[in-house]
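Have a look at the structure below, then the notes.
To keep things simple, chains are lettered A, B, C, D, E and F as they appear, and every chain counts its residues starting from 1.
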Amino acid sequence: MKNQVEEFNEYRQKMNEKILGDNNKIIKRIFNLDTNAFTAGALDVKTKELLGLVASTVLRCDDCIKYHLETSYKEGLSKEEVMEALSIATLVGGTIVIPHLRRAYEFWEELEAPQPPKGE
Amino acid sequence: MKNQVEEFNEYRQKMNEKILGDNNKIIKRIFNLDTNAFTAGALDVKTKELLGLVASTVLRCDDCIKYHLETSYKEGLSKEEVMEALSIATLVGGTIVIPHLRRAYEFWEELEAPQPPKGE
Amino acid sequence: MKNQVEEFNEYRQKMNEKILGDNNKIIKRIFNLDTNAFTAGALDVKTKELLGLVASTVLRCDDCIKYHLETSYKEGLSKEEVMEALSIATLVGGTIVIPHLRRAYEFWEELEAPQPPKGE
Amino acid sequence: MKNQVEEFNEYRQKMNEKILGDNNKIIKRIFNLDTNAFTAGALDVKTKELLGLVASTVLRCDDCIKYHLETSYKEGLSKEEVMEALSIATLVGGTIVIPHLRRAYEFWEELEAPQPPKGE
Amino acid sequence: MKNQVEEFNEYRQKMNEKILGDNNKIIKRIFNLDTNAFTAGALDVKTKELLGLVASTVLRCDDCIKYHLETSYKEGLSKEEVMEALSIATLVGGTIVIPHLRRAYEFWEELEAPQPPKGE
Amino acid sequence: MKNQVEEFNEYRQKMNEKILGDNNKIIKRIFNLDTNAFTAGALDVKTKELLGLVASTVLRCDDCIKYHLETSYKEGLSKEEVMEALSIATLVGGTIVIPHLRRAYEFWEELEAPQPPKGE
């Protein structure tokens, strides 16, 4: 059985490929910018991921939150750091953010869960 | 089989406990404020619940709507009162609110539905 | 010298007349609905004004806040009641609401200020 | 098995009937306005549908997007036209719109998919 | 004396030059995309300007509205067409859009006002 | 003559004092939380200020942006770091953010401008 993380990534990748295959130049370039904006510059990658996470959280976009949670996790950010970023997002964005916080917390647990052996 | 109301409450409670168990002070205090803000003061509890419902509706947060529908229901607000509050939310927030109105209506129906005997 | 309340009302009225004079049916009917929605029904006028105020505040629309502050004031709502409604809006909508709270507070002060004798 | 388009339409129709049956005048009139606003006037129906689609997309309302995708499809708008409208929405609304773009793309594919013979 | 249109354009141009002079690649490319997205493609320029106008209006960004009102005006869109687009934005976005509609109407009037002879 | 920074701070401080003097407990505690949330924890103060700045920018709150620009400036963040954070906000939040970017840029320039000798 697939977990949330895998499901999210599969759907995301499948649809991104279709959308990019369609050759709308504006969309292609926005996707491209999205990759570039989160590479190291004056700010390091970890900080940028937290910025992306907080932006996604106050704008209350679950899929965007999941995406930045996963990249934050892969970059080695700790749960404490991520939760602190999310607490700022909840304060700035209001209690309306709390349902997204619940789903974010659940997704982070799945990211930290030991991976089952391959061969599903 | 669980209905929507039970499912919503179980997930909400389970995740809230995990989040609060994590001991992030800012988040704990926001949760705490959320409880205090809806107790009687210059305004009574019913009015405050309707304010919470309308705020949730124009901000288009389904889970927040469900939460305030349930507390409104428990406080004895009538369907007419709740629908009138939701009609103001739809006017102020625009037709973009309508899909949330449909889900709110469905949730209210479940709140009003006779409870099956325990022992699911 | 005109105060904020007069300025707001004059501009609002002048532009509303122009817009309605233009005879766009959809806009005319939305304006019309706006008047009807805040008349007494299952909920009384005071409660509805507070609902309109909170909706305007979490959506962070200064002019809408001013409008509902003035109608709330005229309906006899007290400063404590209005501030309690605004505190719920700030909690649900987040600290991002605070700058609007400052302007709302200032506008309410002008509503309560003794009117200078006519003849400006 | 029902596809996404059918499911969406059935739920939408069922709940709309319930809501309208409830006789809240403000809501009834908003629903009514919604029908009128998208009929031909100074702008033709196709243009209006694209306006509704872009408004729904930047406000990130999946159900509203689906609704306008279906009406756009029925009005004979091409995939290229729809995608171009969605690319403007993504640029104006930001990358936060991308998850909605993925779901919109998938829904459009179902609209274009050959219909199975009736008799499910 | 400068009118609103001139003031808006001068500030906009002055600040855009500073921002672009600063050489942040992501921002430069977003500005660039913004120019490309509104050129003719599957949809003509007029339609795209209306899409940009409606997106700006439901997201309640006065400066973005002004920008698209001016380009709409220059492209030869009529007041009726523009008002019809704005009426859809007001319906979809709710009465919260009305204050922006008032300012949009005023700006359009200035766009249509006869230009004073140069030499201010 | 006062510059933008001074004007902003004076109005902010004056109104905050009035609001806090009013003794609404919920509002007092939200203000209090706002101070606590940005102190050093798992994340350092600079990172938190950038998170506050990005949250304010994507939610398009000019006063909140100004506040975090000033604290970022005082914490010693460089223009390049701040602009990089703002570029992420513009990408995630869309071109609708650009007018706020222009005003943010202007405010930052005033923060960096040499202070005139006291004695206004």
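Going forward, a residue touches a chain if its C-beta (ideal position, glycine included) is under 8 Å from a C-beta of that chain, and two chains touch if they have at least 3 such contacts.
A quick note: this is a predicted structure, and the numbers were derived from the prediction, not measured.
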| item | value |
| --- | --- |
| Distance in touch steps, counted as few as possible, from subunit A out to subunit F | 1 |
| Both-way neighbours, i.e. chains that touch subunit F and touch subunit E | A, B, C, D |
| Subunit A on subunit D, rotation in degrees - Cα superposition, rounded to nearest 5 | 120 |
| Chain centre separation (subunit A, subunit B; CA means) in Å | 27 |
| Whole-Å gap separating subunit D and subunit F, where each centre is the average of the chain's CA atoms | 39 |
| Mean-CA-position distance for subunit C and subunit B (Å) | 25 |
| Residue numbers of subunit C (touch at least two other chains) | 26, 30, 33-34, 37, 55-56, 58-59, 64, 83-84, 87-88, 90-93, 95-96 |
| Topology of the chain contact graph, where touching chains are joined (line, ring, star, complete, other) | complete |
| Residue numbers on subunit B that touch subunit D, as the complex places them | 60, 79, 83-84, 86-88, 90-91, 95-96, 98-99, 101-103, 105-106, 109 |
| Interfacial residue positions of subunit A with respect to subunit E in the complex | 25-26, 29-30, 33, 36-37 |
| Subunit A partner contacts - residues on subunit F that touch it in the complex | 33-34, 37-38, 41-43, 47-48, 50-52, 54-56, 58-59, 64, 78, 80-81, 83-85, 87-89, 91-93 |
| Footprint of subunit C on subunit A - complex, ascending | 58, 90-97 |
| Residues on subunit F engaged by subunit C in the complex (per definition of touch) | 11-12, 15-16, 18-19, 22, 24, 26-27, 30-31, 34, 55-56, 59, 61-64 |
